[in-house]
Structures are given as C-alpha cells and as structure tokens.
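Two complexes, one shared chain (chain A), two partners (chain B, chain C).
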Partner chain A sequence: MTWSWAWRDLFRHRGRTLLALLGVGVSAALLLDMMMLSGGIERSFERLLLSRGYQLRVSPSGTLPFDTEATVGDVTALVSGLRADPEVEDAGAILGLAVQAKSAAGTAVSLVGYGVQPEAQGIYVLESGRDITPGDSNGVVLGLPAATQLGASVGDTLRFFGRLDPQTAAPGAERSLVVRGVVRFLYDARDQPSVALTLDVARWLAGPAFRDRASVLMVRVAEGPAPATVAARLQREWPAVGISSVDDLVVQFRLRLTYFRQLSLILGAIALVVTVLLVGTLLTITVHERLPEIATLRALGVARRTILLQVLAQGAVLTVGGGMLGLVLGLITARWLDTILTAFPGLPASVSFFVAAPRPLALAALTLALTGLLAGLWPAWQAARAPIAHTLRQEAT
Partner chain B sequence: MHRLLLALLLFPVTLLAQEPIGVALERRLAEQLRLDVGDSLTVAREVDGVGRTARVEAIYEPRADPATIMRQDYRIRLHLPDAAELLGTPDRVDRIGLAVMPGVDPRVAAEQLERTAFGYDLIPTAEVAAESSTTFLVVSRFHRAIAIISILASAIFLLCLMLLKIEARKLDVAMLRFTGISRRTVAAALILEATVIASVGSVVGAVLAAGASAVVNWHYRRLFDTTLLFSLLSVETVLWAVGLSLLLGIATGAIAAWRLVRQSPLALWGRAG
Partner chain C sequence: MTDVLVARDLVKEFPLNERRVTALRGVSLTVAEGDYCAIVGPSGSGKSTLLTLLGGLDLPTSGSVELMGTATAGLADRALTRLRLERIGFVFQRFHLLPVLTARENVELPMAELGLGRQERRARADELLDYVGLAGRTTHRVTQLSGGEMQRVAIARALANEPALILADEPTGELDATTGGEILALFRRLHADGTTLVVVTHDDRLAAEAGRVVRMQDGRIVTE
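Now for the complex of A and B:
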C-alpha cells in the first residue's frame, strides 16, 4: 500500500513529478561528476605511473620527475647499485633532451628526445616494427606524432641533430639513425612529437655536460616488500637524489590539483542542497494538498507509521528515479567535461579527470539516497502529525 | 625554453674560491630556509654540482602569477652574469625584453627586426600572453560548462518551485475568479508575485554570491600564500545573474499562472465533475 500510494500520487501530478525528477536528475548528475572528479585524476595518474610495473622514481633531489631541467649525476653507479639491490627487480635511466631531425620533405622538425636503457624502460610501448636494443647506436623509435611530422616509417634513415645553436642554427652534434619501430609514449601530451634512442646516443647528442647524467630513473621493486618501504630505505642509502614511490608522486600531484578537489566538494555540496530543497519542497506541498485525505485515512484507523512511510516512499521514488536519470546524464556530462579538461597543455594524453570507479559511483548513490531520506523526513513528520478533527472540519466547511 | 633552474643547498659543497655573489630570495623561500638579509647560502646548478657562496641582499615578494600558483616553485634572483656563470653559459640569455617607441606597432617592429636579426625569434608580448594563457582558457571553458549545468539545474528548480507555489494558491485564485475578477487580472497578479519573488531571490543570491566570493578569496589566498584574486564578482556578472534569474522567475511564473487561470474556478475549488 505504501508504494502504490506514492506511485499514484506522483502520477496524479505528472508535470510536477517530471520536473522534480529532472531537477533531481541534474543535481544527481552534478553530484556524480563531482564525485568522479574529486579522485578521478589521481586514480588515472596512479594507473598511468604503474602501467609498466615501475613503482619508484629517482629524480634530482627536491624535484619531481621531468618537472625541471635538473639531472641526476653518476648514473652508471646509481643504476648498478640499484640493480644489485636484492629488493629491486630492475632499474633504468632516462634522459630527456631536445633534438631536431630532418623530415622526408627536408624541413627540420623539433622533437622531444628520450635517451633510454632499452632493457629497462617504462615510458613507451611498441606499436609496430621492433624496439631498440641495448648498445644499438644507430636505432631510434618514433612516437606516432613524430613519425607523422617527419613523414617517416620503419626502416627509414633520418638525420638527427643535437645542441642546435639558437643564433646560427648550427648543430653541435649530428647523427644518422634508422627507425626501428613506432611506439606509443605513455606520458606524452597529445600530439607531442617524441623519439626514443639509447641513453648513450642521447648523451652524445646532448653534449659533454650530460655525460653520465639522467633526468629520471625508474625502479621496479621485487615481489614482496612494499614499494614505499623500499623507497624509504633506498632514500637513506642514496641521499643525494630524491626517491619517490608512486604514492608519494600521487600525493604531490594531489597538492597541485587542490583546486579541482575543492571545487568538486563545493559543487557536490550545492547539488545535494538543491536536491534536499527540491524533494523537500515538493513533498511538503504535496502533503499540504493531501492533508484532508491523510486526515481521512487517519480517521479510518491507518497508523501514523504508515502515513510516515508513504511520504518517505514518495521521496524515495523521486530520489531513485532522479538518481537513475542523473547517472545517465552524469556519465554523458563527465565525458564532455573530461574533453574540456584534458586539453590542459602538457598533460599526458592518457590521463582522465573523470573516472567512473565503483567507489565514487556507490558513494554518490548512497549520498543521494540519504539526501532523499533527509528531504522527506520533515514533510513525513508533518503528515503523520496532521490534526484529524480540525482538518476534517475545515474540509467539511 | 630554457628555464633558469637553481638548486639551493644548505650543506657544504665544493666551493670555488670566489667572492660571494648577491642574490634576492622570494619571501616564501626565505621563510622556508629561515634566511634573512645578510645571511649566506650556497647556490648550485645541480644538487651534486659545484656551488657558489651567495649572500642574501634582498627578500622580495614576487608578483602573483596564476600560471605558477599550483606549482609552488621557489624563486631566487641573481645578477645576470652570476646566473650565466652558474649555468655554464656565459654571455647567453633566454630572452631579451624590448620596449618599442610610443606609436610603433610591436608586430611591425618584430617583423622588421626579424628580417635583420638572424637567429632570433621576435614575438610580441600579446602573442606570448595568448600562448601562455592556454591553461586559463581550459579552466575558463570548464567553468563555463559547469555554469551551464548549474543554470539548467537552477532553471528546473525555479520552474518547479514556481509551479508548486502558484498551484498552492488554487483556492485563492478560485475565490478571486468567483468574485468576478478576470483571468487576465489574476494572471497579472500571479506574474507580479513571481517577479517580486524572483527580484528578492536575486538580491539574496547576489548577497550570498558576494559572501561566497569573499570566503573563496580568503581561503585560497591563505592556502596558496598569494595576493591573487580567485573569485571576481564583477558588476557585469551580478547584472547577468540577476537578469537571468529575473527572466527565469518571470517566465516560470507566467507558465505556472497560465496553467492555473485556464482552469475553471470550480475545478480550482476542487468541486468540478
């Protein structure tokens, strides 16, 4: 009886119910989006950092990987030391540098170069062709944007230049490299033209100042120990560099995204307030309109508890219905908002701001359900406490 | 673009036997390192690099820059020759600022200079600003999208409230109609009522917005230790918001009034059929 009364009453005022459902739906969509935004990019960033199984990063002390142009020194000893550590499965160094190459059309193209140790690299995945190998002094792999800009494909030989003089445009180093394969760089911004070559070739192109230096090292921890514990121990052993676990990096990233987290909190709270007001107002007015009916039911012996449950059920129907509509709307708008935010310059193309993980979805649903219940409490209480005799007398006159 | 990156060290490193160089530290950095004017520190390009002893000559408050607010980088100013020497790039700079004579178009000046100065890129400041403001354009687009969703939600909310409010006046309207007052007069009265509610609501909303804006600025200025303005409630914004809410309020009031007055007084009284 409780549910059928709620249904009937909602159907009696179809326009009003539809509007209320729409209102709750839009508020629920906003709430869902903000729940997804509040931790979405962190989850996405964490997934990205762990995508190749490297749980630690070694960068110049006081900096984050590739956040500045600072480099780490004595890399050979550092890599050897890390690889010899019983709790480390693998370690590889990366040097970032600016390089230029001549395209098939003969024009110079500026590229982002990564010098890697191919046996332990975690910044790209092979798409076609083959990878460069340790000691490959003539090979290079290209990201798709670089391959497109250079008009190059696997097997082509390209001329690469390093240390270009900004005034005379004369290169300080020049080398022909064969395109071994086309790769997808995991941390690159959209359309960033990048290439990867062996660390030795990269250092040669970068010049003597970069001898035995690297921008960052990636470390894979062996099975068993917690990466954060290994990071802390390694940090004590190598105090001249900064060693961060993925958790540390996510914390740093979170600090930079404080604005989005707080914005999502504020807008989520506003969405909840709007839902409470909307459902609460609608139910209050409905209860006032139906006071004579409620008084009659009470006079016939229907218990206060039943009336209370009827009004709460009506609120629940509105909230659940609106919530379901909000789920669809929220997922659509999340995709739209994600397209806007992922246009941030320099942001890795594979990072998303809105991630539909089960936890935020469940949290949004629970919060909305509680909100609907809260909004229905006062009108339900009013309905249950309606003065029977007074209301019936008023209705009779 | 080559950024001047200097790692600051507080522990002894290999020092060159030279006179200390003078540096200016930004206030946040001086507070972090607990340094004051006259104190010494060591400045090096790399953490493990050869450093130079420096003396703090000044502590300054950098101009608030929204582009770097999230990074919270610390800044230090050096005399150009000292910076170039530390970086190992003597007599080189990243960029040179030029001020053109009054009346000269910077774009034309840039084109002329580019023809004569080989190896340089001359970019008018307006273009640099447009290039470096991409981040803010993205944030602005995001805010606009959120505003569209909020306006949609508010419009539905307002329409719903107005419908409910005016429908709650069924008996009053029925009485008015029974006493011979025309539909038009009743509708006008209801629309007037909606206008008053929308006006009062708009004013309350504007006051709330001013309060919220003040809280946002107070909070973020403290959080980022900056003088930047995070929320700007301009007259245009207030006028736009008030205008929109008035429009929505009156429109929804008119819709609700029309729904009510088209019914017969008996139906409104609940005695029809």
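Now for the complex of A and C:
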C-alpha cells in the first residue's frame, strides 16, 4: 500500500515528473552516445579491417597503409615470399594511383584508382557484373559513385588516362578498358569515385616509377597462429617494410583518437552529474513537499526502512524510465551524428563512430542505475530521519 | 482495570533561538483500559507536546512513558515504530490522510505495514468505514470528501490494527459545530465499545463527554 502511495505520489505532479523523465532521458542519451563513441569507432575500424579476412598489412616502413604516398618496392619478390610462408594463407598487393576517365558525355572525370591482384584483394566486394581476373589487361571494375559520374554500366568501354601531369593534369598514358562489374569499395569515403584494375594495368598507367611497387599489401594468416605473432616474425624477416597486425593498427588508430575518447569521457561525466542533480533535486523537492505525509506514515508505524526504500525506488523509477527514453533518444541521435561525422573527407564511409555493442549499453545502464541510486540517497535519508512530532507540529501551525 | 499508559514526571524542553523553552514541567498521568480522557487547557499549555510523548512520537527530556508496560525511552526506533503500529491509533486535527489514496486505501495502510493480506485488510477497511458511517465512500479519493468525512476516515485508519489506545489531537478543531458533533458521537460510540481514548481538545462539548478531564497550564497538570 505504501508502495502504491509512492508510485502515485511520483505522478501527483505529472508535468514536473514528465519533465524530469525527459531531462534524465536526454542525459541518458548523451551518456549512451558517449559510451558508444568512446570505443565505437575502434570496434568499427577493426571490423572493417578484418571484413575480408586479411589480418596483416604491409606498408612502407614507418607509415600506416595509405597514410602517405610512399610505396613498397620489390613487390613481386615480397608477395612470392609471403605466399610461400607456411603461416600465410594469401597475400596481395595494392597500388593507389590517380587516373582520369572520359564520361559518356565526353567530360574528364578524376578518379582514385586501385591496382589489385584480383585473386587476393580485400578492398572491394562485387555488387553486379563480374570481377576482373588475374591477367585481365582490358578490364576494370567501378565503384557506384564512379559509375554514376561516368554514366557507365557493365559492358561499356571507357578511355582511361594515367601519368597525369601534376600541374596541367595532361595524361601521359591512355588505355581503353571494359567495365566488367560494379563494386563497393570498403575503405572509400562517401561518394568517392574509385575504380579497380589489375596491378599490371595500374602500373602501366602510373608509369615506370611504379614498376614493381605497391602502396600496401594485405596478408591473410593461415588458421592456427596468432596474427600478431606472425606479424612480428615476418617483420623480422622483412625489415625493410612495416608489417602490422590489425591489432597494431587499432592501437595506432586509438592513439589518434585520444581526443574523441577524452571528449566522450568529459561529456559522459557531465551527463552523469546532470542526472544526479536532476533526480536529486526533484526527489528533494518531492520529499520536502511530502514531509507531513512522511511524518504521518511514521506516526502510524511505517518503518524508516520502508520510507527510505520508497524514496530510492522513486529515484530508480525516474532513472530507469528516463534511461529507457534515453536509449531510444541515444540511438536516434547516434545515427544522426554518425551520418554527419562519417561525411568527413577521407574517412571510410563504412566506419561508424557510434557502435551499439552490448558492453557499452550494459555499462551505460549500470552507471545510470547507480547514478539514480546516488541521487536518491540524500533525499531518502532526509525522509527517513524526518522528526515526526516536529514536522506534524509545524504542519498544524 | 489494567493501566494502558503510565507517564511519570515528564519534562520536555525545546531549543528556541539559542535558549531552551520548557513545554512540560513534570507531568504524570495514568490511563487505564477503557478510559476516555480529555486533556484541555489554553494554547501553549503543553497538551499536544504531552500527546506526542504519550504516543512515542517524541522522547521526553526527562521522565518516562510506559505503554502497555513497555518503557519507550529505552526502545530503538524500529521497536518504537512497531509499538505505534500495533498498539496506538492516532487521530490528528488536520486528518493527515494521503491524498493520492482512496478512503479504503488510507484505512488499509497500517494493516499493510503490519503485513496483513490484501483480502483481509480490504474486508476490515470496509468494515471500519461502515462503522464510521462511510460505507458508500470507500473508493473515493480523500480529496473528494468533506472535512467531517475525512476525519471519519482518519478515525477508521486509527482503528485499523485494533490498537489498545487511541490518541487524538484536536479531532474537531478543523470542523464546524455540526460536523464536530458527529465526530463527538463517534468517539462516544468508540468509548462505549471499550476503546481507550486520550483526546487533546479545546472543544468544551468533547471535554464534557469524557469521563476524565485533565486540565493543563504552563506545562503542568493543574486539575484532574
């Protein structure tokens, strides 16, 4: 019965309680978003790096893949050596280059080109048509933005231009290629127009300076050994290049994202403080308004413990109710913010800043519940310790 | 007759602006089972303070109170709270009902705290509301009731756990003469049914109905 009273009492001032729920909801949404942000991009980045099953990256020593325009040399020997390693299942080289192509309307479109070894590539997935094959010297696959900008579809023949002059963009090489298929590039920024062709064709378009060179190599480790162990051993065998496992890359990525983690920590802490203040203030006001009723209950023989638990329960209801509202709000705002943040130039469109993993969700819920409990402690203690006779006497005068 | 309540040499002091005010100056009172005792006196004479000490709502500065043979001074809060729940019924001047609950729920409240089952307490609440003349108002919110009806609900609530003693503080203080008369009649009936009553009042009619009248002045009992 006293619980029924506590429940109904909470909604005696509906407007105030609903505003408090909304306030807790907004704080909870912010907390959830910050929890998702603090580790979300790392998880998303790791998932992306492993999406095609390649656990190692080989890049010019001291650089991260595609972080600079530096390239790796002696790629044929390196790929052969890696493929011959018993702990390596597969390896393939990728060369990034700038190319142009003529659209159906006759205008030149600047493109990002990837020279790949089609039998071991991990940068795109086929969407329609067919893939290029090893030794295909006339084929190309287009990303959807490139296909759209070029007005091209599967089977069309396009003129491609390479060795672009850095000042005039005048081409030094030209080649006709047939569109074999349309693909989705995994590491591309949103709306980035990209194409993939065989490594040999790409090198020919890039010029003699890129003979037997690649921007990065992707390595798939055979089942059994830990990728980090294999990476360390291969690094010792090939000291001229940098060999990193996905774990290493995530660590590097994390270092670059310290700013995001600090930001999320500060905003998350602010959200918690706001929740404590909001719930604590509301409960304190409610308790003070109800002191005569609480004193009456105590006079009738209701135990201190019951009063204490009731006020704590009211705090819990506000926090849990607000938390549920915050979950919905948080997921909606996370999606919206993700759309904004992933539109940053140069950032892979498939990376998410906010990832709803069970652990951050559970952690946010637990933190919020503890916050609600903390916020209710002081008003609950005040309610339980209210002097009965004094309170009733004051009410009567 | 068994003594329900024995108070000896009660002194109560309150701090007020860095000095101490003495509200009770050595009050002794014994209430036997079945008594109907009215405590009267001018405002500030210490009547209500005495009632809070008798009911275990506050502790005396010195002196002792024994309720059904149990001294309140040595009891922990939990035990004192339990004693109030089981043995004392309170009726206040301003009713002190819980406005978000219905008349029946207000009456059920002390029984719920005692641990009675829903069916049992509902049946008893209805019985008590019928006893105080509110059989048709059980599901009304107390805010929908008149002052007299609210005081009847408060009396029904005081009777909920079949207490050995009812303590009432100015039970007609907020009511007009007619409604106050109805409450007087109810107290008369309670007394006739064997309930032990201690009532603090300014109401001469109520005092006249009580078998015992204790008159207080300046924190002392002056006549009995």
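In this section, the second predicted complex is superposed on the first by the 389 of 397 C-alpha atoms of A that agree within 3 Å, B and C clash if a C-alpha of one lies under 4 Å from a C-alpha of the other, contacts with A are read in each partner's own complex, and residues count from 1 in each chain.
Definition applied: a contact is a pair of C-beta atoms (placed from the backbone, for glycine too) under 8 Å apart; a residue touches a chain by one contact, two chains touch by 3 or more.
Computed from a predicted model, the values in this text were never measured in an experiment.
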Comparing the two partners chain B and chain C, which touches a greater set of residues in chain A: B
Which of chain B and chain C A:27 touches, first, second, both or neither: first
Contacts of A:81 with chain B and chain C, given as first, second, both or neither: neither
Which superposed partner A:281 touches (first chain B, second chain C, both, neither): first
First (chain B), second (chain C), both or neither touched by A:129: neither
Touch list for chain A against partner chain C, complex: 1-2, 4-5, 8-9, 12, 292-293, 296-304, 306, 387-390, 392-393, 395-396
For the chain B and chain A complex, residues of the former touching the latter: 2-3, 5, 7, 45-49, 70-72, 88, 118-120, 134-135, 138, 141-142, 145-146, 149-150, 152-154, 156-157, 159-161, 163-164, 167-168, 220, 223, 259
Chain A-facing residues of chain C, complex: 48-49, 52, 55, 57-58, 77-78, 81-86, 88, 90, 92-94, 96, 98-101, 105, 108-110, 112-114, 121, 157, 161, 169
Residues of chain A touching chain B in the complex: 15-16, 19-20, 22-23, 26-27, 29-30, 33, 60-62, 68-71, 73-74, 165-169, 209, 240-241, 255-259, 267, 270-271, 274, 277-278, 281-282, 285, 288-289, 333, 336-337, 340-341, 343-345
